[in-house]
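Each of the two complexes below includes chain A, the first together with chain B, the second together with chain C.
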Partner chain A sequence: MDPIPVRSAVRAGVVGSLVLVYVALVGLIERFADLKLVGEQVTLGRLLLFLPPFAVAYVVARPRVVAGERRVAGPRAGLVAGAVSGVVTSAVFGVAVVLADRFDVVRIRHVFIAATPGLIDFVTFERGVVVGIMILLVLGLASGALGGLAKTGDRRLTRPLAAGVSTVILLGLLQRIVPIAMQELGIEPDFLYSPRTRSLTWGGAIGLLVLAAGADVLWNRSGPETQRRIRATMIEQPAARVGILLIVLAVLVALPLLLGSVISQVLGSVMIFVLLGLGLNIVVGYAGLLDLGYVAFYAFGAYMMALLTGATLNTTTGSSAAAFSLDLNFFIAIWLVVVLAAGVGLLIGAPVLRLRGDYLAIVTLGLGEIVRVLTESRWLQPLVGGPQGMRGVTDAAIAGYSFRNPQHFYYLALAFVLLAVFVSWRLAASRIGRAWNAMREDEQVADAMGVGTTRYKLLAFAMGGAVGSLGGALFAVQIGSLTPASFQILVSITALAVVILGGLGSIPGVVAGAVVLIGLPGLLREFEEFRLLIYGAVLVAIMVLRPQGLLPNVRRMRELHEEEEAQDEWVHRFADEAAAAAAVPGGTLGVEEEDLT
Partner chain B sequence: MGTDPQVREVRLSRFERLPWRRIILLALGVTIAATVGFGAYRTLTLPEGQRYSVSAWGDFVVLGAAQGSIYALIALGYTLVYGILRMINFAHGEVFMFGAFGSYFFASAYEESGFLERQPVLALAIILGVAIATSVVVAVLLERIAYRPLRGSPRLVPLITAIGASLFLQNTARGFFGSQTRGYAKPDFLSGKWEVLGVAFPRVRVVVFLVACVSVVLLTLFIGRTTTGKSMRAVAEDSEIASLMGINVDRVIVITFAIGGVLAGIAGVLFAMTFEAVNFYMGFQPGIAAFTAAVLGGIGSIAGAALGGLTLGLLESLGPSLILTGYHVPSPFQLKPAFTFLVLVLVLVFRPGGILGAGEAEKV
Partner chain C sequence: MSVGWSHLLELRNVAKHFGGLYALSGLDMHVDPGEIVSVIGPNGAGKSTMFNVVTGLYGPDEGDVLFEGQSIVGFAPNRITRMGIARTFQTVHLFPNMTVLENAMVGQHTRSSSGVFGAILRPPGTRREEERIRERAKGSLEFFGSRLAGYRQEQPAFSLSYANRRRLEMARALATDPVLLMLDEPTAGMNPRETIELRDHIVRMRDQLGLTVLVIEHDMRVVKGVSDRVVALDYGRKIAEGSYQDVASNPQVIEAYLGTKAAG
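Showing the complex of A and B:
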């Protein structure tokens, strides 16, 4: 029987309880207390209460290296260790709850505003402290045991279950859009989503769980050979690729029709951030220049579009003409904006060319802030309206077909996104893209190999700026009026988070990143308040746990894992040598000499 | 085509040898100097009545020196960490914010109970202690959770992490303490002014300046005279060799972050007492300004950070009024943050080593 790591389980439990206290005090639990996922009982708040014990148990049960030997815990050890860490998590948290209750939670509230009597009620299941903490302990034990099993149990069982549970949670979170889409398709959603609580019905949830688990079982039963063949067909067969592309396009075109106006608004914002992400991806992902002032291009695109299409300044009494203004058609102005933004990219890029990575980041951050300060200042008020901003940006109408309508705007944005995707994709595969790769991996070597790094850096700034300004210009069209509040530093950081989450240098990654980071908070109002907290956590977590991102670019992934691969190789070689040495008794020296030559 | 390839090659290289970069930089420098000089001249020769009085300039200098000494304290945190890990701890501004916020609760409780007026020195000492403790805890946790797992990864990785950590900490404070700005109490003896030679010195600014000076001196002594300080210098020089000499590099790094936290905590209290307010985003602007100060003085150097802080404080308080008023820019003070960044950009472009770090040329 393998030994149970009790001490590390207890330690992990204490860490887990600290996480739990943090989650409670930062206000997440109470904020999501009413977000029902399944029936009346399963709310996101409750889920958050049992996620830490589950997670620490999962971590405790992972294989560990003891004295250079990899030890994989069996299901029994995993179950016990998980249960121990889970119960410790709940117990320490319970102690904190009792203390808060005894100490009078209202006093704590002077410091931590989320510590309310309501929170105490919620975490004790509205049954009083004693009974509540009993429940907490039992459920903590259970979720810890489950977490331990999830890591160590038979994968034929845990994988379908994980697939089922995550499907249920995902569809529970998408409660604002899936029912609408179902209605549009003529399916009555009531059997799946309860019209009263908006959450999944129990029957629907169980059905989904079985369905997703079954699909996973089928996929696994098909065997690795079939799976490989299916993947290969999808990637290599030209016909299949065209087919998939057409299906994706059809879905993209149908989306706003299916989802209605409110959600199309969110989709429009997602599209704008896809554009920003694609532009930033050229600068950061392809060329490896960390630009934290990307909002400068976004603001430039938006204000330039406003000025070129005859927007007016907001004043206290109404509106007045800007100091400079043209009255161009959107479809002419947009190309002008893009060209000018590329020029601005060159201007910004030129003085900072020689700066090394981290200095460059701070300087560009500064440039982004300068742009914001200027748009707010009284100095430039006659041009861009100061804090009150501008209004009356063109709606880009073609023959009475106005793009201020969210559903129509989506198509406009989609067109530009497709263009930007095409450009990014071709750029990555071109001579320029290869030059960027070389430059990113080692600038000095690239220079020595004849890559004109100055030129290519400037080009990256110009291309990135052009795509970013496109996002800004579309944003101006989308909302029709501009204020400096829309051009905070957070835009740069959000765009960075979009690129990082998906994976640097990966186009599908940018799209996925924008959908997750902009789409989800847009759909769930409850998230709005914690959006930035989550962005920050995402940036740290991705960098620490999975620096290549969710949908990595293959080359980039290799780059980031070079070190590990080198180590692996060394270990393999070492093992091979040892094996060879063992096979030839007394031949150790001989083998080594052979290897050296 | 018809030309000899060798001749073409020579021409090409001759063309490339033209120092375009230098010419452009020189032109840029001359333009900026002319703009600054002309603006200052115009400001100082404005007609009587529109001109700033001598005492107004005195006020600007006092304000700048006090503000600059706070920047210097925060800048030391950036510089110490950069010296040892070669990374920009972007979240250091948030460490400063947590110090100020942590001490706020004690300051306001003491004000309510009257303790702040009865025992102002003791109360201030406790407030300072709380601020330091909070900042140190945040700084050490930051190092342990966010930065330590990333040692030795490509350079952009820790920087992106630091940005994420900054955002995370800022919004943690928002979740914990709420998003409204709160008034920070200070004892009565710190309000009011001392008048010397016609220039009014607000007491709180004088105290801020003195406390900052004492802190810098103590830090210099610590780094220069103690064994721990010596091991810090050794790790900054070469961490690998230092570890071979029996220095526990991890411990030194933690101590460095902790010292940065101590200074940030002190700066947090000083800042909060000066502006009598705390909020969750108060760390951003001073953080960036302090980083600018560290670069301005020469990052990695302690004296440089102190000098850079003071210089930046003075530049910020004098610069916009001195230069922009001459061009009739309305409300030049609004442009102060832009001015800070402009200084940063110019320093990095013209003298990346900073004022004191000229010897260490930046590698491309």
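Showing the complex of A and C:
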């Protein structure tokens, strides 16, 4: 019989309860109390209440290494340990609820503004504290047991169920988008989404669950050979590749038409961050130079676009002309911006050439801040308007077809994203990409093998800057007016998060990262105020669970692979032995002692 | 070849110190075209420091380093590589996550020239150059026979065995199309059979590829087998120079290796 890790289950349960108390106190649970996912009953708030016991149980039931031996917990142990941790999570949380109720929840609102009587009501299911906590305990136990089973149960059962449940939750969350798209496609969405609650109908949810689970079962029953063949066909057959490419393009082109203006606005922002991510990916992912001041290029691109296309300064009384301004067409100005930004990349790169790692990160952080301070400064006010900023950036209109409209802007941004993707891809697969790669892996050795590291560092900053400035220039077109508030350090952090989340050095990863970090919070407006909290949680989760990123590039995947560590350990041992052997003079020279005498 | 130089590589009165410690002091030595020269000496004698000074990783504190009659002091390592000096490291330094072939292709970097526009637009000239880089890299891998051939070329470098990592490092150095190849303890960590194999490779590097080779080596069987000339260092100075027999029987060398008592 498997031993049941009771102690770690209890410990994990306490940790889970702390997470739960935190989530409740920052207001996440109550905020989503009314966001119905399925029918009237399943709300995101309720789901959040039972996510911690479930997750904690899942973690407790994972295989553990005891005395060098990997022990996989069986379903029984998983079930019991999960249930224990789940009930502990709920119990400790319950104690917190009782305390809050005793001391009168209104009194702790001075500190925790989200702690309201409504929150207490919600977490006790509006049945009073005693009954409510009983229900909490039972449901905590149940979700803990489920979490334990999800990890230890028969994969043939848990995997399709996981696929089904996550599909339902995802489509439940996308309730503002999917029905619109369905209507545009001429499908009546009422069978799936209830028009009254906007959530999934129970019938629709069950149907989706069965569909997704069925698809998962089918895919897994097809066997590894068929799966391999399908993958190989998709990747290797030129016709299939072109076909997939065309389908992707068609979907990309159709998206704003299907989703309407509000969501196109979000998609436009996603595109801007894809551009920033692609540019930063060249600097950080390809060349391995950690740049925390990337917002500098974003700001440069935006303000330069404004100046080149005749924007004016905001003043208290109206507007006045900037100290320098041209009135170029967008499609001419954009190339000027790109070339100038590459020059700025050289300027920023030059002083930091000798810095590595942490030092480079800190100095670039400072350089990014300098750019923001400059945009706010009195000194540059005649040029960029200081805190009041500028307005009247071109809308890039062609024959009256304005790109300020979110649906139109999307296409403009898409074109530049495709260009940047192409450039990134070609650079990565070239002599230059190889040189960057070598430099990232070992700068000194790359230099000794003939790669001019100075030149390639500067080139990385220039190319990264050029691509990033595209993001800034398009941002200026998108909103038409600029203030320094848009160029906070947060942009640098977000761009870096996009790159890391997707996987350093990976182009599909950048797109995935931007969709997750920019797209999802934009689509689910309730998340807006918790955006940074969720960024932090997502990044920590990624670093722990999938350090190579969502869609890693093959090489980076290797880099973080356990195999390497094992290999290195082996090599070091080997090298140490060799060095020890060489250090003993008699060891090698002894062979030849007769010759020496 | 220009006129006016006799030694391919020449060190004149080179000194290098780290704090108060003299790793090299007043070192004179030279390597002539087509020679295989071995550098021996106990640990800490300054052998690797000498390599690092020649290849530009350290600047010498005193003295001059001449390659083909031209001073290369102060040149960046990549420039020295471009001039025709390639090296390996005492502890293997590959690009572990690049494939074996890519590692060797990096060696060709300095013999190719396509830039950003070539990379993005990929005109025929760039394609041809890329193809040439690939062929040249494969050629240098094939110098080691089947050891680095076939499927191994597409595998990441870290997956190689220790001996193969050493071979790959040499192949990467060969791919820079050098005139002078500098090997820092190429047989360290190799078993006796691999050591013999490598000894033959070093001789072939000169006879088939026409390279001049400067090698730091501890294994006296290799030193004996390959060297036209042996230079012995101790405490950063040259203590003996000449044929293997001369150096191996030099009392100072024996003392350096074995200590006074054993020599006495």
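To be clear about the criterion, the second predicted complex is superposed on the first by the 562 of 597 C-alpha atoms of A that agree within 3 Å, B and C clash if a C-alpha of one lies under 4 Å from a C-alpha of the other, contacts with A are read in each partner's own complex, and residues count from 1 in each chain.
As a convention for this text, a residue touches a chain if its C-beta (ideal position, glycine included) is under 8 Å from a C-beta of that chain, and two chains touch if they have at least 3 such contacts.
Remember, predicted model here, so these are calculated numbers, not experimental data.
In the superposed pair of complexes, A:Gln444 makes contact with chain B and with chain C alike. In the superposition on chain A, A:Arg434 makes contact with chain C only, while chain B stays out of contact range. After overlaying the two complexes on the shared chain, residue contacts for A:Thr317 are found with neither chain B nor chain C. In the superposition on chain A, A:Val538 makes contact with chain B only, not with chain C.
Touched by chain B in one complex and by chain C in the other are residues 444, 559, 563 of chain A. If you check the complex, the residues on chain A that touch chain C are 422-423, 426-427, 430-435, 437-438, 441-442, 444-454, 459, 463, 555-556, 558-559, 563-564, 567-568, 571, 574-575, 577-579, 582-583, 585-586, 588-589, 591-592, 595-597.
Considering their complex, residues 22, 25-28, 110-114, 284, 288, 290, 292, 350-352, 354-359, 361-363, 365-367, 369-370, 373-374, 376-379, 381, 443-444, 489, 493, 496-497, 500, 530, 532-533, 535-540, 543-544, 547, 559-560, 563 of chain A touch chain B.
In the complex of the two chains, the chain B residues touching chain A come out as 24, 28, 87-88, 105, 145-146, 149-150, 152-161, 163-172, 174-178, 284, 288, 291-292, 295, 329-331, 334-335, 337-338, 340-342, 344-345, 348-349, 352, 362-364. Looking at the complex, you find that chain C touches chain A at residues 42-43, 55-57, 76-79, 81-82, 86-87, 89, 91-98, 102, 105-107, 109-110, 112, 114-116, 118-122, 126, 129-130, 133, 156, 158-159, 162, 165, 172-173, 176, 185, 188-189, 218-221, 224, 245, 248-249, 254, 257-258.
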